[in-house]
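Chain naming follows the written order as A, B, C, D, E and F, and within any one chain the residues start at number 1.
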Amino acid sequence: MFSVTVRDRLMVAHSLSGEVFGPAQRLHGATFVVDATFRRGVLDEDGLVVDIGRAAAELRHVLAPMDYSNLDDDPGLAGTNTTTEVLAGIVADRLVEAVRAGALGEAARGLAGVAVTLRESDVAWASCERSL
Amino acid sequence: MFSVTVRDRLMVAHSLSGEVFGPAQRLHGATFVVDATFRRGVLDEDGLVVDIGRAAAELRHVLAPMDYSNLDDDPGLAGTNTTTEVLAGIVADRLVEAVRAGALGEAARGLAGVAVTLRESDVAWASCERSL
Amino acid sequence: MFSVTVRDRLMVAHSLSGEVFGPAQRLHGATFVVDATFRRGVLDEDGLVVDIGRAAAELRHVLAPMDYSNLDDDPGLAGTNTTTEVLAGIVADRLVEAVRAGALGEAARGLAGVAVTLRESDVAWASCERSL
Amino acid sequence: MFSVTVRDRLMVAHSLSGEVFGPAQRLHGATFVVDATFRRGVLDEDGLVVDIGRAAAELRHVLAPMDYSNLDDDPGLAGTNTTTEVLAGIVADRLVEAVRAGALGEAARGLAGVAVTLRESDVAWASCERSL
Amino acid sequence: MFSVTVRDRLMVAHSLSGEVFGPAQRLHGATFVVDATFRRGVLDEDGLVVDIGRAAAELRHVLAPMDYSNLDDDPGLAGTNTTTEVLAGIVADRLVEAVRAGALGEAARGLAGVAVTLRESDVAWASCERSL
Amino acid sequence: MFSVTVRDRLMVAHSLSGEVFGPAQRLHGATFVVDATFRRGVLDEDGLVVDIGRAAAELRHVLAPMDYSNLDDDPGLAGTNTTTEVLAGIVADRLVEAVRAGALGEAARGLAGVAVTLRESDVAWASCERSL
């Protein structure tokens, strides 16, 4: 099994609902360093898991609507607690859709899975893995 | 599959038995940077893998009896070679017990597994993964 | 010249004023990983630059009013562009005041300077150094 | 499941064939920071996944013929696009052969798998996992 | 004194002349992770050391002619041993020229210095600092 | 001003004297990741700050007597509190002596200073700088 990872960043404001979140119930913010990993069993004919340029562009395309925004104002996220793990799931699911829609090219249809890790600091991170 | 990781540290003295360990047979010490990863298939109703505050507190609770100690003096470890992989296993097993005993809350009973990585330096580390 | 560094984190929402900031003019957020470095020419009688526990507590004390907040709502920051370098300066200046007020202990009066680095992501950071 | 990781480095010149590679079609170079992870279900009688000294020596032995070289001049790689994922696969496959040949010792025959990650920069890396 | 750092990367082939370089006398390659730090005593009216977008663009502009190339073929480097420290000096000197030529904007004329660090691996790096 | 850094590691047991050290008064241990930085104003005729191989060998030579040991048993350290900053000072002073004694070669006599950083974990470190 092979994998390749591309990295980007997301800087958002948000608040979280529920006593479990303590001071994070207040409007605050986070930098998420986002690692998107693409996996496949056999490399394509160029010796690649995926065209890394297209993978990075697609990751940027997925992050752009959220970047430099207040997630509390996003109608698509209304009623959603935007925890680090929820956001990792959203990014992973959108990358899976992009692969299926051919946005990463024909060769990318051979991908076996996508995993997304969001690091909210040097000491805390969450991941979501999806099969294709 | 989702995961969340919490990090803590452990500073111990110890020695290792067996020629394979060379100079590490002498009493020396190590800082272990400890990453505990909790995994589950579906997030809980707060959008969490686990209450990260409780997870961090439980990791501290597991590490505390060993922290700032000489492991060679711990009766519970007599006859055990406290290699990095053995220590990763001990920490993982104790976290598994804590989850099963409800120490991380009711929602944490949905966890699928725990993985523990101990980094003994910038260039060497060991892990242990346990299913729940 | 000796130094010791303690690390903490700050998670804030904010917006920046001025065309130069592009999309960061919108309300967004950041995690700042904060490294506070204390310097002195000669160690104290315990062999320390500073009591690291007190230094970490004072750094937390300085960061607490800003942590998990929206800096745009802080009256003390009204009219201030809370760039990474401005925030580094604020934290450094407050640590200098704390040292002068004796908050880090009598031995800390021997400190020669304080430097604060705020890392807003894995690829961007700013620092401020102050002499004592 | 337990694992241990050893790290080494590889500094090579190479060029890549195919329009997808853009400027990397020109002769250029890379530092690859190489992490080799060895996995097994149960530790050996010394409490080890593998003798880390032998593992590191074997990794060095695998990397040495490529290190400080121009991969374009290596007859064994003629016709191979030496992408990061291809190189990860080559290193993993050679480590698997070494384990099977007994180069890591008798105890290493209990290994369940090998994974190799090559980091070509702080923001891009590729991996290959092989079962044993 | 304030500073801001921007990061980029450089992937080159090269060889070094002199017995002291051992195997690095052969044509090989390296990834250099490049950190360019800009310093000044007082922030500009936007609360900045430098417009980070222009700083990053100028760093890219300086690195571009060398990126994805074989430095041994660069006529401007003929007779120069392209060690990590020499390359750090070249990048620093070119950034100093750019600042003086106004390429980073009028506000950047208040800069006090530039420092460039090139990391050739996780365990080796070199820097060059220049005053303005 | 140019600099080059070499990295090594030190794994020791020790205890610290004084109430300020809390639980670290007990025998425990630490991994110190050691970065030794050599500085000079002008590069030598090979384009180097220092022969990095000799610098790394000398750093190892300085660390070797302490590595894999219990510092409490070292007669040369009797009565010394082996804090991270004290150890950084010891390593820096011994490197300064080595440079002066010619152990890093004739060209190294042009060095302007040495700085040593000891990282005891991912979140705590201390440094000592010495002029030559």
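Definition applied: a contact is a pair of C-beta atoms (placed from the backbone, for glycine too) under 8 Å apart; a residue touches a chain by one contact, two chains touch by 3 or more.
Everything numeric in this text was worked out from a predicted model, so none of it was measured.
S.K.: Copy of C-F's interface among C-E, B-F or A-C, judged by over half the contact pairs being the same?
M.R.: C-E
S.K.: Please identify which chain has its centre, taken as the mean of its CA atoms, farthest from the centre of chain F.
M.R.: A
S.K.: So, what's the distance in Å between the C-alpha centres of chain E and chain D?
M.R.: Their C-alpha centroids are separated by 30 Å.
S.K.: Could you please state the distance in Å, as a whole number, between where the Cα atoms of chain E are centred and where those of chain F are centred?
M.R.: 27
S.K.: Using the touch rule from the top of the page, what residues of chain D touch 2 or more other chains?
M.R.: 7, 122-123, in rising order.
S.K.: State the interface residues of chain D toward chain B in the complex, per the touch definition above.
M.R.: Touching chain B: residues 1-7, 43, 46-49, 51-53 of chain D.
S.K.: Looking at the complex, which residues from chain C come into contact with chain E?
M.R.: For chain C paired with chain E, touching residues are 18, 20-22, 80-86, 88-89, 123-129.
S.K.: Show which residues of chain E lie in contact with chain D when the two form their complex.
M.R.: Per the stated touch rule, the residues are 7, 9, 11-14, 23-24, 26-31, 33, 67-70, 120-123.
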